Amino acid sequence: MAGLATRLRITPFGLICLVGLVASLYLSLIWAPRERVMGDVQRIMYFHVASAWIAEFAFVLVGVSSVIYLWLRERRWDIVAYSAAEVGFVFCCFVMITGPIWGKPVWGTWWTWDPRLTFSMILWLIYVAYLMLRVYGDDLPQVKTFLAVLGILGTIDIPFIHFATMWWRGLHPDSLVMTEEGLGAGMEVDMRIALAVSAVVFTLLFFYLMQRRMALERLRDEAEDLRERVEHRHPGSVGV
Amino acid sequence: MRSMLAQSWQIYRKDMLVEYRTRERVVTMFVFSLIVVIIFNFAFNAGADVLQRVAPGMIWVAFAFAGMLSASRSFSPEIDRGTFDGLLLAPIDRGSIFLGKLLGNVTLIGLVQLAVLPLFVLFFNMTILPYLSKLLVIFFLGTVGFSSVATLFAAVAVNTRMRDVMLPVLLLPVASPVLIALVETTRTTFEGGDWQDMTNWIRLLSVFTVVFLVASVMLFEYIVEE
Amino acid sequence: MGDRSASGLAGASGAASASGLAGVAGAPGTPGISVRQLTKTYGRFRALHRVDMEVAPGTFLALFGPNGAGKSTLLGIIAGLVRPSRGQVFLDGEQITKDRDEDLGKRIGALSYQTYLYDELTVLENLRFYGRLFGVENREDRIGSLLHTVGMEARSGSPVRTLSRGMRQRVALARALLHDPDILLLDEPYTGLDQDALVMLKTVLADRKKTILLVTHDLVRGLESADRVAILNRGRLVYEAETSELSPADFEQTYRDHAM
């Protein structure tokens, strides 16, 4: 067992995440009461909302580390931004997948232009733009700067997208706090606890994945460095 | 600050003189917008009432794409012919290059809007004269806000391998709040609404424009440095 | 090389001793280029690696090197177009690589194989535009006399589009000299020049009030104008010498030894 754990490099932090995930699954799927109107499908909310929170939080992290990167020009802040974007994108995809699954039985349709879903959709597109620029711009010397600029503008944009999608559907700011989608006011205490636990566990999971993703990127840099050094000593010995 | 505006003005004048000689951008933008209007007519193939409802959206789709064309073309010839380095070598604040380009884009999009709007009115049988002053304010605010982001992202996109694809991918999600606000205010105006009916939107448009204009001027310097 | 950079550093810290250091790049107030430990990496590619280089005021350094040696990157960094990964550049003893100084452009004139001219505008319109951008005083007089120098007076009203490659390069030279810069950065400036124009460029470059850094493949032309030569290969400065100590025939061999 210990051998497997080392081979899989399961860190204590990873173990905590695993335990938390199991606990959160139990709380959400079994412990929390069945929602009266929507039934069991409502349970997807615990993951949907928690992922939505992470997706938004991750992009703010992209923006903040982008500012620091432009300021200090240190590769590690670029790594933070990139890792946050990649992991955040995964959570954002999860939001886009769970939204319709939840929506179909509740609204009777896979997709509605509900303000929160619309917001997530636009955020998802910004993530896509960020990752596309990373991939298709990797031959550019300035690509890290470009990405930082996109990260900053995207983050500044978040409140604008919030308000635009909300007013677009004719809603007012007061009703923002999760009342649409059948949450908030009508939610029982047990449901709130399950959601809170889910949010905390997803946040931990996000940081765990971030940590691993950043370690991977640093390893790549290191490998590149070694390759460079070998190449310099024995030109032509390493295929690029 | 004053010298920065003076420098932007020089860049703007130069760009407009080049455009006056070639008329490349204005003509392509105009033809493009015209085609969008006509194709949308086919796409909807609907009665006058439906067309009038979708018209505001159509107008802004046409102008958004015309705006991207303008923004992209404001950098691509300079990069391709190497004149952009000539600007970067000059003893000027690089933000002024951005402002000059932005001013040029707003001017050209404005010209195309002036030419295309009457055609919209004609094709869609809309009344426009009573709302002219309101539309002017909305269009100006929106065009400046949209162009700020478009000009900045165009400066990024022209450097990439897939420049023509990258600009819409980068720009449209970030610019979506402005586009939503523009469609909503334009619709409200055509339906005879007053300023009170769109306070939120006008506020959003103004704040977005100011915030992204300032951010773009500041960030441009980073973009142009290799 | 070693002692020169050492005294350059001393000059940068003590302005009082500037008279004793006359002729040394890096001393305050004296035009000259000083490059220290300059490194530039593009992702995996190391374009420049710990380059140290001095161009003393009023001297002409020709920098040779094969394609991809990092010559243009070095010029780009000195001109403020490219941000170095590490290291410093001093112009007139003033570090320019920390923050971009807008006035940097006033001191530097750049002539490259790219003309920086707008095809749609006339020669005069191009020069006027750059004249305004560079804040040139007595603009019209200055443009007039430069057009005379480069022999393009007769074509001042022609759109650049209609000019031959050589003529454009002449106008580009006038453009580079417009603001009377102390430092000239030349990147393959001979591109497309005819015999007359080459003679003219040589006369201009013989003006020893300016500090000149030339980057080229052309060993013969570089040697005949420069005071010093240097070879850059794979991002490293591998050779430096006074032109007076060299014979053109030997240098070709030297170049092959160092650049291959």
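As written, the chain order gives the labels A, B and C, with residue 1 at the start of each chain.
Throughout what follows, contacts are C-beta pairs under 8 Å (C-beta built on N, C-alpha and C of every residue); 3 or more make two chains touch, one makes a residue touch a chain.
It should be emphasised that the depicted structure is a prediction, and the values quoted were computed from it without experimental measurement.
More contacting C-beta pairs link the chains of B-C than the other of the two pairs A-C and B-C.
Geometrically, the chain at the heart of the complex, using CA-atom means, is B. For chain C, the chain with the farthest CA centroid is A.
Chain centres here are Cα means. That of chain A falls 32 Å from that of chain B. Averaged C-alpha coordinates give centres for chain A and chain C that are 49 Å from one another.
Chain B and chain C have Cα centroids lying 39 Å from one another.
Each of residues 225-226 in chain B touches at least two other chains. Taken residue by residue, chain C touches two or more other chains at no position, since every residue touches fewer.
For chain A, residues that reach two or more other chains under the stated contact definition are 141. By the touch rule above, chain C contacts chain A in their complex via residues 42-44, 46. By the touch rule above, chain B contacts chain C in their complex via residues 7, 10-11, 13-14, 17-18, 21-22, 81-83, 85-94, 221, 225-226.
On the chain C side of its complex with chain B, the touching residues are 76, 79-83, 100, 102-106, 108, 110, 112, 114-121, 125, 129-130, 132-135, 159, 175.
Residue ranges on chain A touching chain C, taken from their complex, read 138, 141, 224, 227-228, 240. Contact residues of chain B toward chain A in the complex are 149, 152-153, 156, 159-162, 166, 169-170, 172-174, 176-177, 180-181, 184, 200-201, 204, 207-208, 211-212, 215-216, 219, 222-223, 225-226.
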